[in-house]
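First subunit A sits with subunit B, and in the next complex the same chain sits with subunit C.
Entry: the complex of A and B
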């Protein structure tokens, strides 16, 4: 394989990896940015998205239909969680929701094991996506390219929603000056619910997208939660722009490190996070929010 | 009122007196408690469950030791050494277990072995492959999965016996912990001695948390190697194979040899992507002999899961332990340890004997390739077809 082909391979791998990190991290950021809830069960919701997608596809439904249905189902689960677990704690210190969502994470993991079992599962993808395509001398899986397109479409859609629609603009405003939005007569309760559903649905999207890339297992959300925390620490807690940049950066650094200095790949990623946390505690763009 | 109080106290006294009399014979048949340490959560939970099934089958078949019923107390190690040690302490100190069995992962096995003086019970592992277990401690034994040195011998012999595998250059990738390193190094050293080409003698070490193998697969593609030797946790093997298939590695003719037998349940999940993985292991359900056939039927009837090597060597290990307790004639740790030395059991993969020299088992093994399964009672679509059988003496180590 030529040097160019290898470079293409590495670039595409890093974009795919960064893309999945991005969707999960943005979901986490939206929830935190709008309702100041650090949802530690976010990784488990990502896993539920993957398992839901797996089940839908196993029932013979087209993968692309599952791509639409799984996030809706995870969004509904998010609504239930928000109403039962998060809402009663909203007026209390953030530590309450932190502990509650930590417990929720174990509950959801247990639920996954109960429903789907312990063994890993593979999501079946349409035949045309199982092929590889030749790009500058490398044969790259079509499914991975589809993932890239899906990630880009989700992010563009999200940006358009937040910047071009009335609801999106209200959400954006609420993340910056919630008091003003409340004074304008908007019900902050609905905004919190909406943010939670949107964040959870994004976890669901990431789950169904990542499922066929790797494999799905009950604890898949734990590693993803850690990775998405790395993204939001580097990008700045609550910063969407920061998350986009950080996710792509981490995808690239991790892929390059795995390729060139395999043994230290994760060490490098965490070192990068530690350095940014020490010298830029509000993230790369200084937009991070702390409570 | 006073009369009522006297009657109540009298009735309670009589009740407790009866209870004590009834409880007396029960104490006489107190069960022999055996601590079972298996991972029931985490990435190898399926393997842990299969190990538990195998040990349960052995306990059921054996029925009693020292004329007393066997009671298995199962604890989840979560494949984390500190947790496993805590659970071992609980089983011994609190529950009164007289022996420990099971354990998946060399790291966990070595952690328990490091505490064995304190625990002071025989510890027999059924799923630890590190070579450090040879002669590790008078109370520590292995009767289970082939050790890394035995697997390396089997795999090198297997590669040399297959013209399609012999003249390839192997890219070595391992899981980044004690077992993976040991397995990789054993293979590389032996392969070099036998003229098998290795692409990366400093081999790749992937974290056990790796989900996306694309970077490693890109490296293999870039290397031009036409063989991959992987020392990955059994449950991860199909995951790696599937992702490699996504990148078209197998379609380009790259062959896989594994330092551990893939789990059958995971092979099913991986499907066609898992065809063409070669490995040396104790057993697969393709082994045909009357004991094996009977055992796998009984296992499937009881647990409705495809019989695996994790289950079978845990069954055999447990039979060796139970027989040793009977042979010792007591629950004294030193007596059981002495009885375990040299003990053997005739099971689904022949005679499994624990060497009196180094406390680790010697048994015949098989060289297999994963293929589309022939018709079978388990409904399996992928099977580990037996290509060759190795005698225990061939695999070593010499005694």
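Entry: the complex of A and C
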């Protein structure tokens, strides 16, 4: 491969990876911003998204239908989780909520292993997506481009939803001054539930979109959870543009690190996070809302 | 400075009766291996004490300073690996030097990590402990040449326990290891209790109760959080040194997030902010783990359910439950 082809390859790969990080991280950010819950089970929901996608596709359903169905299923799981364990924790200290979602993570991981087993799975993608197209001399797989387009579409859709629709505006207002929104007659309870479902559905989207990129295994959620932490901590908790920049940055650094050194790639990412936080403790734009 | 009702203070001075009770308990524990020859249970109790020390060190962080560390076991792992590597590669006989090196090295690793963590605030602190913990786990897991990777560190020699020039035992002997662990854990408990009841401990609790107010009174919050973190990590490193001496082996599983959740559960089971509670919690947890893991392979599901149950219904652990009944009786 020529130098340009390699560069294009690396750029596209880092955009694909960064896009997946971004969707997971934004889901975490939305739940945190509206309910002040840091959901440690988010990575497991992402894995469940990938696994349900796998199951739906292997039942013979079209991949794009699965792309719609998986987030809905994960959203419903989110609703159940919210009602049973998150809602009773509203008034409790954040540390307890963190530990609770940590327990939830192990529960869901155990459930995944119980239902789907330990062996890695592969999503059967449609035939046309398995081909490659030539971009500046590199033969790039179509399904990776599909992933890129899907993540971009989801992010643009989310932006439009938050900025242009009435419900989106209420959500944004509720993340800034919940008391005021509550006083205006909106039921904060529904807002919390809605935020949790939205965040979980986003994790589900990321899961099924990322499914074909890698093998699906029970540990995929852990890696994604840690990566999305790195993204939201570097970007600043609750900062949307911070998350966008951080996700693309981490995507690029991880792709580069995996290209040059394979085994310890994640260590490079953690090191970079440490350096950034040492000088910018509130994230890239200084917008982090840490409590 | 009174703690909130959910986190009872333990550092009111001991009554003479309690003191005598504790001394009797200590002597009874010290005599145990001489009257009860079952090596398996002696080793199990040694492990419980080691994990108790680790859980206690997490309690210093979580119960007293209000900082959450998801992967405190990472620092036990670092201490254990360093002691093991020192015994294998440098000197197979110098026990105390190896332990010193292990604990100091753990502190040296924890210092920059803690420095970065305390700069970011409470929630990000917790997230970062997870990220750094996973980093250490990845390093230990992938650095095959040094750590043995997945296979773990094997063939760690068991040195003699030298005291003032005399050899009083060997760490390979379960009974001797039990006594060594008992003494170290007792000393660590007494020292930590002294530190926690000092003005320094009061500052930590002030930070836990209200960080902003503590800062307004002129406390350098970040520095004290770092001190609390260092104390917890050095104690965890000590537990690590005991761990490798007791087991003679350590694998990356000991440093995984899963094991980290176990330590957190020990603290929650025993009760936050009590120091000795987590040691009891470690006993309960290790016993249950020993029991359930023989029953089912889906032990993760049970761990998850127990954690959720504990947080929802029993946030102050068994000690808290005891205090609750005490209050009930008084009323």
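Everything that follows uses one rule, which is that the second predicted complex is superposed on the first by the 286 of 291 C-alpha atoms of A that agree within 3 Å, B and C clash if a C-alpha of one lies under 4 Å from a C-alpha of the other, contacts with A are read in each partner's own complex, and residues count from 1 in each chain.
Please note the rule applied: contacts are C-beta pairs under 8 Å (C-beta built on N, C-alpha and C of every residue); 3 or more make two chains touch, one makes a residue touch a chain.
Remember, it's a predicted structure, so these values are computed and weren't measured experimentally.
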{"item": "Clash or fit, subunit B versus subunit C on superposed subunit A", "value": "clash"}
{"item": "Which of subunit B and subunit C A:229 touches, first, second, both or neither", "value": "second"}
{"item": "First (subunit B), second (subunit C), both or neither touched by A:151", "value": "neither"}
{"item": "Which superposed partner A:175 touches (first subunit B, second subunit C, both, neither)", "value": "neither"}
{"item": "Partner chain in contact with A:141 - subunit B first, subunit C second, else both or neither", "value": "first"}
{"item": "First, second, both or neither for A:29, with subunit B first and subunit C second", "value": "neither"}
{"item": "Partner chain(s) touched by A:266 [first = subunit B, second = subunit C, both, neither]", "value": "both"}
{"item": "First (subunit B), second (subunit C), both or neither touched by A:39", "value": "neither"}
{"item": "Stretch of subunit B penetrating subunit C in the combined three-chain arrangement, among 37-45, 109-117, 271-279 or 379-387", "value": "109-117"}
{"item": "Common interface residues of subunit A - those touching subunit B in one complex and subunit C in the other", "value": "113, 263, 266"}
{"item": "Complex contacts: residues of subunit A adjacent to subunit C", "value": "38, 85, 88-89, 92, 94-96, 98-100, 102-111, 113-114, 222, 226, 229-230, 232-233, 237, 263-264, 266-267, 270, 273-274, 277-278, 281-282, 288, 290-291"}
{"item": "Touching residues on subunit A, where the partner in the complex is subunit B", "value": "1, 5-6, 9-10, 13, 16-17, 113, 118-122, 130, 132, 138-141, 143-144, 213-215, 217-220, 223, 254-255, 258-259, 262-263, 265-266"}
{"item": "Sites on subunit B touched by subunit A in the complex", "value": "40-43, 45-46, 49, 176, 204-207, 209, 211-216, 218-219, 221-222, 224, 235, 238-239, 242-243, 246-248, 265-266, 269-271"}
{"item": "Subunit A partner contacts - residues on subunit C that touch it in the complex", "value": "62, 66, 68, 70, 112-113, 115-116, 119-124, 126-128, 130-132, 134-135, 138-139, 142-143, 257-258, 261, 264, 268, 298-308, 310-312, 315"}
